[in-house]
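Order of writing sets the chain letters: A, B, C, D, E and F. Residues in each chain are counted from 1.
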Amino acid sequence: MSKKILWINPVGTDLFDRPIKDYLNEVKNSDTYLEVISFKRGPHHLEYQFYESLVGLDILRSIKLAEKDGYDAAVIGCFYDPFLSEAREISNIVVTAPAESSFAIAISLGHKFSILVGRRKWIPQMEENVIKYGLKERLASFRSIDMGVLEFQKRKEETEKRLITEAKKAIEEDGAEVIILGCTAEFGFYKKMEEKLGVPVIDATIAPLKYAEFLVELKKVSGISHSRKGKYEMPLTEEIKNWNIEEHYQFKW
Amino acid sequence: MSKKILWINPVGTDLFDRPIKDYLNEVKNSDTYLEVISFKRGPHHLEYQFYESLVGLDILRSIKLAEKDGYDAAVIGCFYDPFLSEAREISNIVVTAPAESSFAIAISLGHKFSILVGRRKWIPQMEENVIKYGLKERLASFRSIDMGVLEFQKRKEETEKRLITEAKKAIEEDGAEVIILGCTAEFGFYKKMEEKLGVPVIDATIAPLKYAEFLVELKKVSGISHSRKGKYEMPLTEEIKNWNIEEHYQFKW
Amino acid sequence: MSKKILWINPVGTDLFDRPIKDYLNEVKNSDTYLEVISFKRGPHHLEYQFYESLVGLDILRSIKLAEKDGYDAAVIGCFYDPFLSEAREISNIVVTAPAESSFAIAISLGHKFSILVGRRKWIPQMEENVIKYGLKERLASFRSIDMGVLEFQKRKEETEKRLITEAKKAIEEDGAEVIILGCTAEFGFYKKMEEKLGVPVIDATIAPLKYAEFLVELKKVSGISHSRKGKYEMPLTEEIKNWNIEEHYQFKW
Amino acid sequence: MSKKILWINPVGTDLFDRPIKDYLNEVKNSDTYLEVISFKRGPHHLEYQFYESLVGLDILRSIKLAEKDGYDAAVIGCFYDPFLSEAREISNIVVTAPAESSFAIAISLGHKFSILVGRRKWIPQMEENVIKYGLKERLASFRSIDMGVLEFQKRKEETEKRLITEAKKAIEEDGAEVIILGCTAEFGFYKKMEEKLGVPVIDATIAPLKYAEFLVELKKVSGISHSRKGKYEMPLTEEIKNWNIEEHYQFKW
Amino acid sequence: MSKKILWINPVGTDLFDRPIKDYLNEVKNSDTYLEVISFKRGPHHLEYQFYESLVGLDILRSIKLAEKDGYDAAVIGCFYDPFLSEAREISNIVVTAPAESSFAIAISLGHKFSILVGRRKWIPQMEENVIKYGLKERLASFRSIDMGVLEFQKRKEETEKRLITEAKKAIEEDGAEVIILGCTAEFGFYKKMEEKLGVPVIDATIAPLKYAEFLVELKKVSGISHSRKGKYEMPLTEEIKNWNIEEHYQFKW
Amino acid sequence: MSKKILWINPVGTDLFDRPIKDYLNEVKNSDTYLEVISFKRGPHHLEYQFYESLVGLDILRSIKLAEKDGYDAAVIGCFYDPFLSEAREISNIVVTAPAESSFAIAISLGHKFSILVGRRKWIPQMEENVIKYGLKERLASFRSIDMGVLEFQKRKEETEKRLITEAKKAIEEDGAEVIILGCTAEFGFYKKMEEKLGVPVIDATIAPLKYAEFLVELKKVSGISHSRKGKYEMPLTEEIKNWNIEEHYQFKW
């Protein structure tokens, strides 16, 4: 069952596009067509909430465009799951993001999970997401490796070392049975970590891609799709037209 | 990527085997080999906790057998998810069950879900499961249609009518955006319900099958599997031998 | 102690600017200078998450501008508290918003509060906010009057009638001891409601203005201000410069 | 008021029968008749969920037999409280178990309690029980002494030393005011611990025996007994007969 | 094992002393010596928090006196459990109260309980107690019969009728499996209610008396008693002397 | 807008009256008239619950007197917020207290707060208050400096040193973004702490005074006041007269 999926790196650099595409091509379904994009402008990482707010419209534009272009799904490639809820509100395609997807996997792999982040600054907002998703009880802890998004792939050895160190503490001190890598730029480390740690390690790029494939598959065989009542109720085209939203925001509705 | 999956109807009647196999064949992956079994003895439904305790060993025997027979996954086909945790403890294959699987899907389809059960008797135990799974915050409500497991397929029209009535109340009064059918014997109703209700309705047989396929796929492409530390830590073969467990319980370890 | 406060109506219509300014002038501190603005573009209400995401940058631009213009505080005039967290991240002035402010008042006025919204669509996101703010235990209920933001002031009599009806139910059926009006456009009704209901009714425009005055006052006499560690840690000017954020987003940092 | 109580050591060894009987005879009511049994087959401890599932039917058979033999109460002697809920479902006699009983005592002895377990493997499931019982807020922590069930009585000195060490940490670091011994095989240590620690230490064998006496007494003087609606609703004799449960499971209903 | 127990009716009327003594004599242990007292001054019921604060010192004086007089236990006879925590702080005897005792029983009788109160005014404070005791998850609901404390025994028929009506709703609409009578003046009704309702009904006078007997028994056979670290840490005699507390408050320390 | 506020030091020593008055005069509104009182009798600190119960009536007498004397507000100057709820029940003036007020400020200053107490003994009761106020999710931790109330001002240097040490741990280990000083006698330290720590530090004397001014201001401009339904419903004058409360308790109603 063919699936057309768009991976959005919601940042103003194409630095990660090629590596992530190559990386995900190894794990995607054979009949999945995968495209990876990033933005022409914008911050190179989303470590601050302000940076996220900058890329909001570009994310939503891409989602809407993906829908028009016949994509079955789009992945918002940042562990904050930025504008995931808004993306579902405005489109009928499947939209996934790393945190929610990782949790949808983690809940069947072990009792509690710990999330390894780059900086402690990320924790409050990510913890709010865990709470919002209703999964606080399954969270063992957050652990920070004190490195920035842009360092992970540049200093692989150090990153790996720290990830393993903090994961061990999470397992031994916090009771984690599953480790989640709390940043899409932490890709490429999970296998080595699993070997060293002996527990499952969820990769934040693989999780949302595979969860997207899963939801697309589910939709194709059974028709099920996200709810259009309540949280994801669709905005009104009439209002959008009346207010000239398309023109004022260069937004193709 | 071929997948071999065993569906276990954990009851002492084969009444549902054929219909569920036919039903799931419509939605399974093209490369999934699906077998459906039930037990030679046992209660015909699991509405009481006592009935569940009766089928525990037969479920675990089947899991262990499935593993030996090269199955990639087994599904325990009852919404109480009976012995799911034990099954993961003793085997390396993927094991899924309806409630957990439905929640892994529901969390991305809408804000809150309601679960439609047959009898109010089921609610306390199922609510404990929702709490154990850490998802209490996402639960809008339980609603009962006051019918038994064995009636759903016999009195389809009445069942459908009541499911729609209660689902409507769940949406309008309890704030549900997603409906979950809280019994595998409630299969065959979700499509009509979705049409009438305008919200996604999760079928308790499709959910664990597809979630099983998803987890198998994930395992095959990335090697990830359930944790062997903590909750699912494997019992010791030496103890099992020393205590003659195999002989005393006719249990092939 | 003089205070300069900017009220932001985060919508693309100035419809509410004059009435809200007049209304708040009645209750503001004698030494508060109050300005009320709205945007040149944008949706006329924020009933959908998409609409919120559209006005994000304009809100943050206004905050930053207010800071440069010597304002002591800014109020984001929408009960979703949109971009409140981001606003605090990027500025050193006091920023308040209706929901958080109302809760800061409500917790000392009674045991539990109910929030009266316009449409049920608003509830999931607002409930997430209550949870994020950590106040779920104090929430008696949400109640909807099934009217849109733009109707409240146009159909005052009907609005008032419905607000009173739902508030009564909240008090009698849900155990509310305090009522919160869950939209800034629901201004002008609280006094009449208090008379009829006999419980305090928190107006969503007065609350954030007065709470802003309170925080400014607190800051002036004791120096206390929002934390710059963790959630509200300030983004790096160097990064913003390097990435040409100011140019690409017409954002004056 | 005479009470006839059956203590079930739910394991396939009579190793603990004599010592526990002697031990409990010191603390039982003068008019309590106490019998202690174990099973002919089965694991010698229940450190794994699989081992619990093995002994389920034998526990329930014993409960049913105890009821027929005129016992007023039965105690399931394992801190996982295995099949406690099922036991209440199928019988009218009082059934207690260590964890629930310890909590029923602990809640009046101090603010928070810590539970001392043998291995960390036990914690996830026991923590789920605390959550299921609704007492998460009163739990200070779990602490493990890293010893197995079968070692406690063999290596008494070491066990005592470790129990005291971990209890001290629980008191000083986790805020425990009450210590609960999380295994029935940890009997014989509480007095020395209390002396050393200065806080109450609940023994997991004394607690369920005395709580059973308490509930029997309560039933005899006031008639109150566990609910037969909802969670503990009794299975139907007709179904059990129709499905040949008695024959197929050698279960005397 | 003889037990000397003091029941304190913490009100300024002896109206309930005789009836409660007679009532409890029917259910007490044969070797329990029971005394029932009330105060010379004070409100006749504790429906307001202010009334509770009035009787605080008299309760604590009685506790201290009971300890000196060789009582093993004292019961504070009001469902708000007023000054229970303080009473334990200042004495070494067992102190119980209706709410906590009822919960210690209810948790083993069914999944969830509902509490029947006289007036809705009582609910906020009692709900806070349930939360403080950590048992919110087990609470199905509060239901009010809209009658005052002093009416229950005067208008028995009406009281009984309303209790049954509200209990039925609690069972059918709120999922209660156990009913708790939320006032000591609601004595004398539970038996009839159990007959009509088919679920256990906990009497708020019997519960704390029997729980007190249980704790005294436990203390006598095993030495266990409430914690003297943390919440119930004993005040310092030296301070009490230095500050002339005994003289200024006519309080015999 | 003039405000007349009474600060109550609920202890039997005037040791803190002058210093607190001087201290608060620096931060109060220019048009606030502030009076500070303490009691003629009573404990010199409230580290034990028993001590609190001693001062209950004197607090409530002062509240009632303040109301008669035309005060707009009263502050109960102890971080346990003793008898705050009762005080609101019996009067129509604004009543505030340190913990609740600090939380009403803290929720807008950062994600999580830690509370620095004198002794660990204080924690259980204060944690119950945080839970009662519904703010458990916002609490990072309690930290104790192991000093008594009466030492803080006597050993200022040591107090300051320990406060800074524990606050640092709270920030670095517990994730606190805001520090709250959990005792009114910890006044005079927050500024130095803020300099050293770089996060906001809430002073437990300034917070309730300013929050009182805020609520009075709010009441004067909009008429809003605490709820008279439910938790703060006023006791009945008729009952108070009939029971001779005024005479028996020297309480001027």
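In this text, contacts are C-beta pairs under 8 Å (C-beta built on N, C-alpha and C of every residue); 3 or more make two chains touch, one makes a residue touch a chain.
For clarity, every value in this text was computed on a predicted model and none was experimentally measured.
Colleague: Spell out the chains that contact chain A while also contacting chain C.
Modeller: Chains in contact with chain A as well as chain C: B, F.
Colleague: Give me the step distance from chain C to chain E, shortest route via touching chains only.
Modeller: Minimum number of steps from chain C to chain E: 1.
Colleague: Return the chains shared as contacts by chain A and chain E, ordered by label.
Modeller: B, C, D, F
Colleague: Centre-to-centre on C-alpha atoms, which chain is most distant from chain C?
Modeller: Of all the other chains, the one whose centre lies farthest from chain C is D.
Colleague: State the pair with the higher C-beta contact count; candidates are C-F and B-E.
Modeller: By the number of C-beta pairs in contact, the winner is C-F.
Colleague: Calculate how many whole Å lie between the centre of chain B and the centre of chain C, each centre taken as the average of the chain's C-alpha atoms.
Modeller: Inter-chain centre distance comes to 45 Å.
Colleague: As a quick test, compute the distance in whole Å between the mean CA positions of chain E and chain F.
Modeller: Chain E and chain F have C-alpha centres separated by 30 Å.
Colleague: Send over the residues of chain A in touch with two or more other chains.
Modeller: Correct list: 111-112, 120, 123-124, 131, 137, 175, 177, 230-231.
Colleague: Which of the chains are touching one another, listed as pairs?
Modeller: Pairs satisfying the touch definition: A-B, A-C, A-D, A-F, B-C, B-D, B-E, C-E, C-F, D-E, D-F, E-F.
Colleague: Please give the residue numbers of chain C that touch chain E in the complex, ascending.
Modeller: Residues 111-112, 137, 175, 177 of chain C touch chain E in their complex.
Colleague: Mind pulling up the chain A residues that touch chain F in the complex?
Modeller: Touch list, chain A to chain F: 120, 123-124, 131.
Colleague: What does chain A use to touch chain B in their complex?
Modeller: On the chain A side, the touching residues are 1, 26-30, 96, 100-101, 103-105, 107-112, 131, 133-138, 171, 175, 177-178, 190-191, 194, 198-203, 206, 210-211, 213-215, 217-218, 221-232.
Colleague: Show me the residue ranges of chain E that touch chain F in the complex, using the header's touch definition.
Modeller: The touching residues are 12, 41-44, 48-54, 56-57, 60, 83, 85-86, 89-90, 120-121, 123-125, 128, 131-132, 230-231, 233, 235, 239-240, 243-245, 248-249, 251.
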